[in-house]
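Worksheet: one structure, shown below.
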Amino acid sequence: MSGNTLGTLFCVTNFGESHGPAIGCVIDGCPPGMELSEADIQQDLDRRRPGTSRHVTQRNEPDAVEILSGVYQGKTTGTPIALLIRNQDQRSKDYGDIAQSFRPGHADYAYWHKYGLRDPRGGGRSSARLTAPTVAAGAVAKKWLAEKYGTAFRACMTQLGELAIPFESWEHVPRNPFFAPVADVQAYEDYMDGLRKSGDSCGARIRVQATGVPVGLGEPLYDKLDADIAYVMMGLNAVKGVEIGAGFASVAQRGTVHGDSLTPQGFASNNAGGVLGGISTGQDIEVQLAIKPTSSIISPRESIDIHGQSTEVITKGRHDPCVGIRAAPIAEALLALVLMDHALRHRAQCGDVRQAVPPIASAREV
Amino acid sequence: MSGNTLGTLFCVTNFGESHGPAIGCVIDGCPPGMELSEADIQQDLDRRRPGTSRHVTQRNEPDAVEILSGVYQGKTTGTPIALLIRNQDQRSKDYGDIAQSFRPGHADYAYWHKYGLRDPRGGGRSSARLTAPTVAAGAVAKKWLAEKYGTAFRACMTQLGELAIPFESWEHVPRNPFFAPVADVQAYEDYMDGLRKSGDSCGARIRVQATGVPVGLGEPLYDKLDADIAYVMMGLNAVKGVEIGAGFASVAQRGTVHGDSLTPQGFASNNAGGVLGGISTGQDIEVQLAIKPTSSIISPRESIDIHGQSTEVITKGRHDPCVGIRAAPIAEALLALVLMDHALRHRAQCGDVRQAVPPIASAREV
Amino acid sequence: MSGNTLGTLFCVTNFGESHGPAIGCVIDGCPPGMELSEADIQQDLDRRRPGTSRHVTQRNEPDAVEILSGVYQGKTTGTPIALLIRNQDQRSKDYGDIAQSFRPGHADYAYWHKYGLRDPRGGGRSSARLTAPTVAAGAVAKKWLAEKYGTAFRACMTQLGELAIPFESWEHVPRNPFFAPVADVQAYEDYMDGLRKSGDSCGARIRVQATGVPVGLGEPLYDKLDADIAYVMMGLNAVKGVEIGAGFASVAQRGTVHGDSLTPQGFASNNAGGVLGGISTGQDIEVQLAIKPTSSIISPRESIDIHGQSTEVITKGRHDPCVGIRAAPIAEALLALVLMDHALRHRAQCGDVRQAVPPIASAREV
Amino acid sequence: MSGNTLGTLFCVTNFGESHGPAIGCVIDGCPPGMELSEADIQQDLDRRRPGTSRHVTQRNEPDAVEILSGVYQGKTTGTPIALLIRNQDQRSKDYGDIAQSFRPGHADYAYWHKYGLRDPRGGGRSSARLTAPTVAAGAVAKKWLAEKYGTAFRACMTQLGELAIPFESWEHVPRNPFFAPVADVQAYEDYMDGLRKSGDSCGARIRVQATGVPVGLGEPLYDKLDADIAYVMMGLNAVKGVEIGAGFASVAQRGTVHGDSLTPQGFASNNAGGVLGGISTGQDIEVQLAIKPTSSIISPRESIDIHGQSTEVITKGRHDPCVGIRAAPIAEALLALVLMDHALRHRAQCGDVRQAVPPIASAREV
C-alpha cells in the first residue's frame, strides 16, 4: 500500500497540495447505514480552520466540505465516501524565493532529494493544510464510535513553548484559541504576541484522550493499538515525541508503582494510558505529543540553495507561529481513526466486542 | 493485513509463543543475491539472548536459528526466508497460578478480554521472547543496508530507573551487560542487585542510532519514516514513549534554535533526528525510547481474578527485572527493519536513491 | 486494505456512484517527473465514453477529467494524483421501480443483502460507469510504461453473442464501434439492431494484448502476474471467464505441443500468453475475457421484490445491450494497471528490470 | 505486502522450496476458540499427497504437518498458526542438467531472469509441492466455515486431456485416483498409461464448488468475490483459464436466458455461479479451471541454455504427467481461503452476515 492511505479496514486516502485546486480524501470501509451529512464533518473542520484568531495563520479558508459519494438518502451505503475541499485563498507568489533554497527544519530539503522536484507553493504536499482531510475523515470515525460504543474524544494543550499549562477543566478548552484547559489565557496571548514580534516560533505539548473505549482493540504482535497511535501521532506535522500513559516518566517508576492495580470496580490508576500488551483495557486512552516550533519564520537563517551554495533564508507568507495551537482537533481525529480501524479489525477476527468482566470503572485522572 | 506482519515490502511475519514448541518468522521480500548464513543472524540473537548476566532472566535458551528456506548455495534467492528457533527451556508449571488472575500492568487482562482465552505459559504470545524473531529478521536487514549503503546501527542505555547514564563512548556498550556507554557500570550493578532483593522492577531509557542513512526514505503523507519508527518502537514490549531527535525538548525550543542550519558541508546540528517532513535527510537517525518497569514481580499486588473477584498476585517464574537491559539489540533491529522497508519502497517509486547535493557531512552529536 | 483500492504500489482508489455528483479516483505511487496533462487521460476516456454509437447506452456524458493534485508545472510530483469526473446526465427518476425489486442477473440483490440498503439510481456503485476512473488511471500507467519500457496495449472483440469475429488486423479496431479487428462490421450492426428490437442483450468475448513487456514481472507464490491479471479482469463488470495464452484449449494439448520452444531468436510460439510460473517472459501478454449479456433489459423477467414476493421486472432507462462493446479500452487499462504495479514491485525487490539473455524476439501471433 | 501472503484478514504466508529442509506456512488472523489439531489438517494433505497412485509423481512424502504455534489446549488462540512440513524424499542430483538450461513451458526461464539466480532442485520455489501449505491452511478455513455457516467444498475433474468426463455423482470422486465423478475410470487409467509410455503429459479441467455460502461476501469495486477467486485459481500452478458459473458459454447466451430468475423459493438456475456484482448470492459457488500439461517431460524439446545457445532438453526426475490429477483438493482449499477471508472482511464492515430474505433455496445443478 502506498503511503497516503491511513488504516487497514477503515482506509483514508488523502490527496492535494496547499495551493492546488483542491484537497480531500476518500474513506473506504465505513459501515453502511449510518446517518451522515456535511454538517457532521464541518464542525470539526471549523475547529481546525485557519484564520480564527491572530495567533494562527491568516490564510482565509472556509474549508467547506462536499460529500461526493458513499451517502444515499442521508445514510452511508458502505461504498467509498469521497470528501472534497476546494482551496480558495492561495497566494502562490509568496513562495517564489523558497523554491530555490531550503528552510532549516522544513520538509523542503527532504522532498527535493526524494522526488527530484517539488511543489514549493505553500509547502505543497508537506503543508499542515493537508491535515484538513484527516480531520474530516476523523469526524466520520468519531460519529460511528460514539453511536456504537459511546466513545468520545478530546484534546487540549498542556504546554506552550516554555510555559506549562495546568489542567483545570475540559470545559475551558473550547472557549479559548489555544485549546487550553484553563479559564485565563492572558499569559499565552502575551507570549504569542511577543513571539510574533520577535519573528520567531515555538513548540507545544498536546494531550489527547479517548473515553468509553471498548476492551480488546489492538492487533499484536506488531499492529498493537499503542503502536498505531504512535504511528499516526508521530506522522502529524511537526511532532517529535509521543507518550502513552505515564510515558517517559515510567522510566523512573518502580514496577510496584507503575502497574495499575485492578479492583472489582475497575483499575485504580492509569499509568498504562489505556493499553496493555498493545490492546485496549477499557481505561481511557491517554496520549501526549511534543510539537516542534514552526520552521517557517521571518528571522533570517543560514542555509543552502538547491545548488549547494550558502544562502540566507527568510520565510515570508502566512504561517502559524505555533502549529501546536491548531493541533488539538487533529490529534483527536487521528486517535479516532486508529480506534475506528481497530474496532473493525477486532470485529473481523473476534466478532462483537466482549464486555469487560468485571465492568471497568472510570479510571482516575492521570 | 493481519497484525503479525511487519513491513510493506520487506515483510516479517512473526509466530510462536514463549512456551510453545518453537518461535520464528518468515521474511518475504528480501532482495536476491545476498550472501546469508545462520552465522549472520546468530550474532545479533546472541546479543539479545537471556541468561547472559545475573541482571536478566535466568531462562537458558541457546536461541539457535535454522534457515528453512530462501537461501540456495549461500545466497538469498528472493523467495521467503523462514527462520526457526526451537524453545528449549520452558518451565510451564511456574505459571499455573497466573492463569486464573491478572497481573497489574501485564497483557494478561487485555489478551483474555480480546480473545476470550489465552496461553498463560510464560506470557504466551505477549512474552518479550517474541522479540527474538524480530532480531533475527533485523540482522538480515542490517546486512543488506550495510552492503548497499553503508548504513550502520547501534543502541545504548541512557537511563536505568532513576539513574541517568552519561554518554562517554559507543565503544563501552558491548563491554557491559547494560549496553551502557560508560566504562564503569558498578553503580548499575549495585542498583539492579538492590532492586532484585526488594522484589521490584525498574524502567529504562534507550537511545538508538542509524548512521549512513540514504536521503529520501519515507512515504508521506501517512507512512512517514518517523511515523513508522514510532510505530515499531511503541510496539516493542513495555515501551511507553518515543522521541525522534530533540523529542519532547523541542516543545521549549524556539524556531530559530530548533531548525538545523544547512551549510555546504552539511547540517550544523541534528534536532531533527534525521527526519524532516517524514523523509530522511541523510543526518543520523536518532531515537529515544521509554521502557516501563516489568510487571512480573514477586512483590504482592492488588488485582482481580478471571471472575472479577479481588485477589493478590505474586509472580514467580523467571523474569527480567528490567526488560530495558536487553532492549538495545532489539531496538537496533526494529530501526533496521523500518529503514529496509523504506529503502525498498523508495526504490519502487523513485528508482535508486539519489545522492544528496551537496554531500551531507556527518551531523554533530546531539 | 479495503476493496476499492487496486494495486499494491501503484494504488488506484475508486469512488462514486452512477448518479451521484461525481466519480473519480486517487492514484497513489506514481513515479515523479513524468509529464502529465488532462489530455493524456482524456483520450482513453473518450474511447470508453457512452453515447458514441446507437449500439451503446444513450446517456450523454462528456466524461471530462480534472486533475486535482499530484501534478506541478506539468509533471507528476510523486504525490497522489486525484482525478475528478462530474456526472452530468443523470436521470434518476427512471429507477424508481427498480428500488423495490431485484433484476435477475444484476448486482441489486447482492448489494441489498450485503449492505442492508443500496443506491438504486443507475445501479449506484455497481454501474459500469465506475470503470471510467479505472480507465483514467490506466492511461497514466500506460504512459509511464510506454516511456520506460515501450510497452503498448491493445484490445479487440473476438466474439459478439453467437458470432465469432475473425482476426484480420489491429488497424481496423479503432474504425468501428465494436472494436472489431475486421474491415466490414455490417453483420454486427445488423445483429445489434435485431437484439435491441427484441428487447434482449448479448455477451461478448474480448482479447487484450500487451507488447514490449519487461521480463521478470510477477510476485510468486501468490501475487503471480497471471493471478493479478485474472483478478482485475474477473472483477470487471459482467466478466465470467478469463484465459491467459492458450487458456481452456490447453486442457486438450499435449506437453510436447503446449510448451513454447525457446530458440536463440526467442520463443517459437506463445501458448503461455507471456507468463510462466507467474512471471512475465517478455512474450506478448495475451488475455481473453468472457462477458455475459447485460441484465438490464426491457423483456419482462420473473423475480422477487425486497419482501420476497413474486414480481415481474422490466428494466427501463438507458443501458448497453452489450456491455462488451465498450470493454476493450477498459480491459487495456486494467492490464496496464497490473503491469505498472508489478513493474514497481519488481523494481523494489530486484532493482531495475534485467535484460532478457538472449533478447526475446517477437513472439509469433497466437 | 509481498507476494507470498494470501488474504487480507485471514493471511497465509507460504515458505519453502521443493528440496529445501522444509515447507510450511503461517496463518494469521484465525478467529480464536476453534478446536484444531494436526488431524484436522492432515486429512486434506493426504488427499493431495504424491505417490498415492501410478499416475502421479512417485516422490514419497508423508507430508506430516506439525503445528508450531497458535493453538493452546486444543483451541486456536487468535495468534499466528505456524504449520511445518519437513521435506523427506529429495533427490536433488536428478536436477543437475536442468540448472544450465530452460524447460519449454516451465518457470525456469522466468525465475532466472527475474531474480538472477534460482534453486533448480525440483523446481525450487516454483514446484507444485508448495501447494501443500496452501492445502493445510485451507483445511483450517474449511473447518471454521463449516462450523460457522455450514459451508462445504468439493471438487472433481471434468476433463482429462481430450477426454470429457461426464458428471455422474459426487460420491464417486473420492473412490478413484482422478477425482472423477464417475464410477468407471478405466478409460482414464488407460489414457494415462499411454501418455506415460509416450513420454508426454496432458492437461485437465477441474470443477470446484462451495455450498452453504453466506450471502453478501465480496468487496467491490475491486476485491470482488469472483475477482479474488480468479486470482487464487489462476495463481495455482499450471492454470491457464478460470470460469465462474456459465463462464465462456455466457458469451453466446441472451440476457433473457443468462440472468437467473428469482422466486420466493430461491434462484431458478445458477448461470451466475453464485456471484452477482462481485458479491455472493447464497447460490452455490461454481468455478471451472483449465490446467495445462506438465512441462517436465522426458520427450526431447528444443530450447536454449543460460548463455542463450541452442540445446535440447529432456527432463528426468519424478514428475506428475498430469498435474490436474491432484488439483481437486488444492482448488477446494483455495476457494475456502477466499471465502474465509471475505467472511472476515464482511464481518468487519457490516457485522454478522445477514440472512437472505427470502431464504435461498438450493440452486439447481448447473
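Think of it as A, B, C and D in the order they're written, each chain with its own count starting at 1.
As a working rule, a contact is a pair of C-beta atoms (placed from the backbone, for glycine too) under 8 Å apart; a residue touches a chain by one contact, two chains touch by 3 or more.
All of these numbers come straight from a predicted model, not from anything done at the bench.
At the far end from chain B, in terms of centres built from Cα atoms, lies C. The greater number of contacting C-beta pairs, out of the two interfaces A-C and A-B, is seen for A-B. Mean C-alpha position of chain A lies 39 Å from that of chain C.
Rounded to whole angstrom units, the spacing between the C-alpha centres of chain B and chain C is 45. Averaged C-alpha coordinates give centres for chain A and chain B that are 26 Å from one another. Residue positions of chain D touching 2 or more other chains, listed in rising order: 1-5, 8-9, 14, 29, 32, 78-79, 114-116, 125, 220, 345, 349-350. The touching residues of chain D, when paired with chain C in their complex, are 1-6, 8, 14, 102-111, 113-116, 125-126, 130, 159, 161-162, 200-205, 215-224, 226-235, 239-264, 268, 271-273, 275-282, 290-295, 297, 299, 301-304, 306-310, 345-346, 349-350, 354, 356-358.
By the touch criterion stated above, chain C contacts chain B in their complex at residues 1, 9, 29-32, 78-79, 220, 344-345, 347-352.
By the touch criterion stated above, chain A contacts chain C in their complex at residues 1-5, 8-11, 13-17, 20-24, 26, 28-29, 32-33, 66, 68-70, 72, 75, 77-82, 84, 114-119, 124-125.
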